[in-house]
Structures are given as structure tokens and as C-alpha cells.
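One structure below.
Chain nomenclature is as follows: A, B and C, assigned in order of appearance, with residue numbering initiated at 1 for each chain independently.
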């Protein structure tokens, strides 16, 4: 299996008033074709910026410095001209965000935004044709009254409905890679689970690769084939989901797992803000164990 | 009843109440004049009987609330009284002078929206870069001087130094004035099919309208930029960027329209404020609008005319604000669809 | 406070603004020492040297009766600034009190005060001041009165909005539970939280008061001759364009410089204190 996305030794720093602030300290990760890979860490660990680097969103800001290689589908993205890279957005790579309701433009109905998304693949698509395509895409995420949803504004729809719209948009152009950044974290737990199942079924059917970014180990365990754990800009552990969960090797991973709130448990154990042991070297689970 | 109609009804009724409040305010201000308005109006040579007669006619002997009652009763009949300065009904005077002022303000409003908002969009799109810094300084300069200063500077530069525009007036003396239908020269000349007059009037209005608009342009640019920069941090813009929508399309459509909603109220207020600032520009460019009349009646303490002028301008001000509210309701689906109905 | 100042000083534009304000305030305060012809602030006539373009020692030229324009502009600054300070020091307390009372007490107090504010805000600012000026004698005091009358509603509106949102905050509830008096809560608890917005607006407004006051006197409804005033200087010089350009250009630029300075600083303050409306 060749990697669709291959990130090697990626570093990122922000230039601020008080000099450089390094956010990523050389992380490497890859996603194979059709694979669902999770990147897990707390907020501020550098997982969301990684997603934005892949899309080339961060590099547009002048205060950022990025080094390392990001290879997508055999092409080095960092070496690519900006225009060619821009062309990948919304076509071969698409993204889903944390809060579906605020990710939809409040002053345009869904169909206008869907039209814009479809134009990324086919710039000449008419509004009517786009509506047809969009309605099909919405039916894929189990929305029956697609017409009504297309005419609605985000504030008229429930969070779960908006999330379905976002999933439909993200997959409408048949992307090779879907980046899901904490998808649906802003939703109710049950709605989140429901929409995640929808998303999983769909990407499996379409054979889309997914980079799944989350702080929620429970969700990751259910969704991902393989997991990377990131802590303060370093990957501290990686391996197949089953292997990693059954035998977490890194102290930070263990702390993170202990922090998952359990329904029967007595409150939420806290992760210490800083611990010597968290800077221990990376633990890699061999891929052969990936047989769950 | 659709939400927009309900909004309109509500705004109209509030405006009527406010307008009555304004009339009371102005009426009270006008009656605290030191000295006898009748004497001032008639001049020092009038006899005591003449003054007494005028006082009777103006009900100046009655208590102020009775006077206000007379005033309201006349107002209901569209009668603002007689101007002591021109000896004509105030409504006639205003009808004569107001159109020129409104025309000036309207063209200035077109400049304000047509230049200020695009500049603001540009500034927000290239925020932090050279173009942004330049636009920000220029728009701050725009709001940093009263419009008479801009009028004088523009006149000096573009009428005297570079004689691109006429120095004063609404239309050249050599051109026959179009038939007065609406009072708006630009409209009346078109109604006559007289393009010479139309372009001549257009040529005359550009410089004063631009001077009047300058601070509004700056204000509109600053507001648009500020609100758009805020919008650029919203998740739906990040979504648009991550889907690779063209930057220009994001700026002009997806970031602009949500930002317009908070900007519009203030832009409306600035537009309405030009009704006042028009006085300054008209004075510089000898524009035959309400300015000279307004200043003259104030200097002559012409009560009826002062009250009438202020009242009419305030009514215009309120109408502009209602129009802005309707515009906001139109572009903001949350208001338009307030009762859950769908477009 | 120190931090605010440091941030202001680190931004070239606001630094430039501080410099402009510095120049304006300095020349207004020390006018007697800076003006080459201090006596020209009054009714002096020198027909041997009237309507002269800029030359030494009249670097801005002389006016129609031979007075030094530079000296008159410096004294006009003194009057403009004084007017601005007086207007704001009356309008702000009135507006703040009205806004606090309406916002915190609510009910009919809110209704009456805010409708009153609406009435004042429904007359274009300049027109209201003109109307007041019209019925009063055009003197400096009355000019201040007119501008004050049109200015307080803006503070009432501003403080009202802040108060309405602050009144929901925990610290206000806490004070109510302790049994603090309404006056205490309004002025000691809520008011301090309105201060950043008020200070920012006041900085911007010092410029705008100068602007409006000069507009009034430009129309002949403000300070009367021979008191030097930037607005009336422009009005007077306007009749002698373009030949005697210095009569209008220098007073015009003087207004622009002063207002621009206050705007630059007010704008930077707004960003630092985060009190964008």
C-alpha cells in the first residue's frame, strides 16, 4: 500500500513579538489510500495546525515558518506552486470542521454554498445542475427532504442536520483525502456518534482516506484504523488502533487514556500539565498487529 | 403579516413618536429665544402696534403648550406657518430648496457606498499589507476634517489649480434650466430629454458631492474593514478557504455579506448625517439648496422656518434609517425569516 | 495604563498621532510664547501688511486686516481645545449618568431616558447645534452649550449598551446579593467597566468636537470676531480663493492636523482596549 499522504519531519513556528515560537517539532505521519488515520492530542498539541498545513492555509500567513516535506499523491506539496496547491483544496482534499453550524455561512442558503463547492470540481456547473448533485449528495447522508434543506439557512437546521450537510459537501467532489478536524465536537454526544457512523460508512464505500483529528479517544477507537498520539508538537506514539489501545506504551498516551471520562467512573482524572515522562521517545507499534 | 411588514410598521410608529418628540424639542428650543421674536422679525423701525399684532398672530401671548397645540394642529394640515424671512409659507420655501440638497446628498451617498465599501473590502482582504495600511490612513484622513475643509481643498485643487470642474452652482447660466417636475435637476433634465443639461448638472454636482462624501467614504471603508476582519476569523470563512474558494469571491461574497449587516446601521447614520453636513458644502459651492435658507432663517430668528427646516430634515433622517432597517432585514435571513417561514 | 502607553508608543501611526496632539496642545498652552505676534489674536489692524502671502516673519501670510495668520491659528487652537474639554467634561457625565440609570434601573426610567436620547439622536448632529445656536446669541459659551446638547446622547447610548450587558454579569449579581445600594452598583461596580469605551470615545471625540465647533463657526453660528477661530477663518478666506489661498489653506490644514491626531490615537486606543462597538 503506497501512502496517499506522507508527512516527514514537519516543523512549524510562529514569529511573534518575543521571537519564534515553535509549535511542531518535526512530526512524521502517513495515511495510506483508503485508510482512516487518527491524530490524537489535547488542544494546543499541534494537531489542528497540521491539518491546516496540509491544506496550505497556514503558509499564507506571513508570521509562520514551515519546514519539512508534505507529500500528497506522490507530489511534494511544499515544492508545488501556490496555484497548483490551491487547486487541490476542495477537490482532492477536503475538510470537515468542529462546529457544523458556524461553519456554514449564515447569510446564504445551503444550496448556494453547495454550488460553490461543486464549482471547485466543475467550474461551469449551473445552479440547477448543482442542486441536483447536491440533492443526491444529501441523500447519501440520509437526508430525505433534500430540497427543503437546500433552501434552508444553517440557523434553520439542527446541528446534526448541518453536520450531515458538511459531510455531504466534503465528499461531494470525491476527494482522495478527507481531513476531519474534531468533527461534531460541538454537537450532542448521540448526534455526534450518529453523524460519525454516517461519515464512516460513506468514506468506506467511497474508499476515501481520512485524517481524523480528535482529542476524544473513545471516538478515535471506534473510527480509526491507525492512531498517532501528539503531545506538544511531537508524535509520542503511533500504531494500529487495536495495538495502541490494548498496550499503550508511552506515559502520555496512558495519561490520556486514564483521562477518558467513564460513565461509572468517579469524575475526570486530570492530565498533569507537564511531566518529565511525557518527553520520552516515540513508541511505535509494528503494523503487523493491525488485524482487528 | 410577513416579518418585514411587521418590522416596517413597528419602525414607522416609533419614528412618528420620535418625530413628535423632535418637534417638541425644537419647539421648546425655539421659544426660549431671548428677546421678542416679533420685534426681531419686524426690525427696529416697526411700531409697537405692528409688533403687538404679530405677537397676536403668532400666539406668542399664550402659554407654550397652547402654542405647541396650535403648531401641531397646523402641522396635521401640512402647514408649518409663514416664514418671517421670506413671507411665504415655510412649506413652499422648503419645497423649493430641499430638492437641490437631497440631490447633493443622494449623489454623495452613491459615492460613499460605491467607493467606501469597496475600499473597505479591499482593505480587509489585504489586511496587514501595504494596500490595507494605505487605505486605513486615507480613510482616517477622510473622517478627520469637516466637509467644508474638503470642499475648499477640492475646489482649490480641481476647480482652480486644475480646472477640471466648475467652481460653483448647480448648472451653467448659459444652459436653460429644465422644467421643474421633481426639483431634482438630474432627473428633470432627463425627463426633458435634455442631455446637455443633464451632463452639465452632473459635471457640477461631482465636486461638491465628493467633498460631502469624503468623511462618509472614510467611515464606510473603516467600518466595512473592521467588521470584515472580524468575519474573516469566523469558521465559515475558514471553511471557504479550506475548500479553495477564490480569495476575491470569499472577500466580495462570503465575508462581505455577513459583515454588511452590522455596518449598514452606522453607514445609514452617516448617510443621514450628510443632510446636516450638506449645509457646509453648499455654502462653499454656492449650491442653491437649503443651506443658505437655513442659515438665514437662523440668523434672523425666523421661528417657523427654523422649526420647519429642522423637522423636515429630521423626518428625512428617520426615513433614511427606516430604509436602512428594511435593507438589513432584506439581507439578513434571520430577520426576513423570523417566523420560521422559508424563502 | 503603562502597558497601553507602551503599545501606543510602539505603533508608528499612533506615535505620529501622539506627536500631532503634542504639537497642538503645546502650541495652545504656550501660545503666548510661540506666537510671533500675540496681540494679533484680537482686533488689530495693520493695513501696511494686509493679505500678504507667506513670507518672513508671517510664515502663513497675513489676513485681510494684516494680522499674522500663524499667530491667529495658534490662538484658535487654544480656544478649540478649551471648547472640546469643556464640552466633554459636561456632556460625558450627563450622558454616562443617563446611560447608567436607563441601563441598570430599567423599566420606565429606561423607556423615558432612552426615548429622550432617541429624540436627540434623530436630528442630524450639526442641524441640532445650528438650531440651538440660532436661537441663542453666537458666543463661545453658547457654542459650548449647543455642542454639549448634541453630544451627551452618544455617551448615553454607549454606556446604556455596556450597562445592559454588564448588569447580567456575576459581579453585579454578587453585589446585589450583598445588598449594595443601586447607586453603589451603578457607579462603583458597573461604571469602571465602561471606562475603556468611554476613554476611547473621548479621545476620538476631542477631535470631533473641534470639527463640529469649526463647522458652526464656519456657518457664522459660532465664535464671533475678533476671536480667532479656524472655522470662521476658512469661511472668510473662502471668498478670496484662489488668489489668497493661504487664508483658507492654513486654517483648513490646522483643523485636519488636530482632528487627525486625535483620531490616530483614538483608533489605536480602540484596538488596544478592545472596545470596538
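The criterion applied here is as follows: contacts are C-beta pairs under 8 Å (C-beta built on N, C-alpha and C of every residue); 3 or more make two chains touch, one makes a residue touch a chain.
Molecules present, by chain and UniProt name: A = ABC transporter ATP-binding protein; B, C = ABC transporter permease.
Keep in mind the model is a prediction, meaning the values are calculated, not measured.
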| item | value |
| --- | --- |
| Touch-based graph of the chains, sorted into line, ring, star, complete or other | line |
| Pair of chains ranked first by number of touching C-beta pairs | B-C |
| Distance from the mean Cα position of subunit C to that of subunit B, given in whole angstrom | 22 |
| Intercentroid distance (Cα basis), subunit C paired with subunit A, Å | 53 |
| Per-residue multi-chain contacts in subunit B, two or more chains | none |
| Subunit A residues within the subunit B interface of the complex | 52, 55, 57, 62, 86-91, 94-95, 97-99, 102-109, 116-117, 120, 148, 151-153, 155-156, 169 |
| Subunit C-touching residues of subunit B, taken from the complex the two chains share | 17-19, 21-22, 24-26, 29-30, 32-34, 137, 140-141, 143-146, 148-149, 152-153, 155-156, 160-161, 226, 272-273, 275-277, 279-280, 283-284, 294-295, 297-299, 301, 306, 309-310, 313-314, 317-318 |
| List of subunit B residues in touch with subunit A within their complex | 128, 234-236, 238-245, 249, 254, 257-258, 261, 331-334, 337, 340, 342-343 |
| Contact footprint of subunit B on subunit C as seen in their complex | 13, 115-116, 118-120, 122-128, 130-137, 207, 211-212, 214-215, 218-221, 231, 234-235, 238, 241-242, 245, 248-249, 252, 255-256, 259-260, 263-264, 267, 276 |
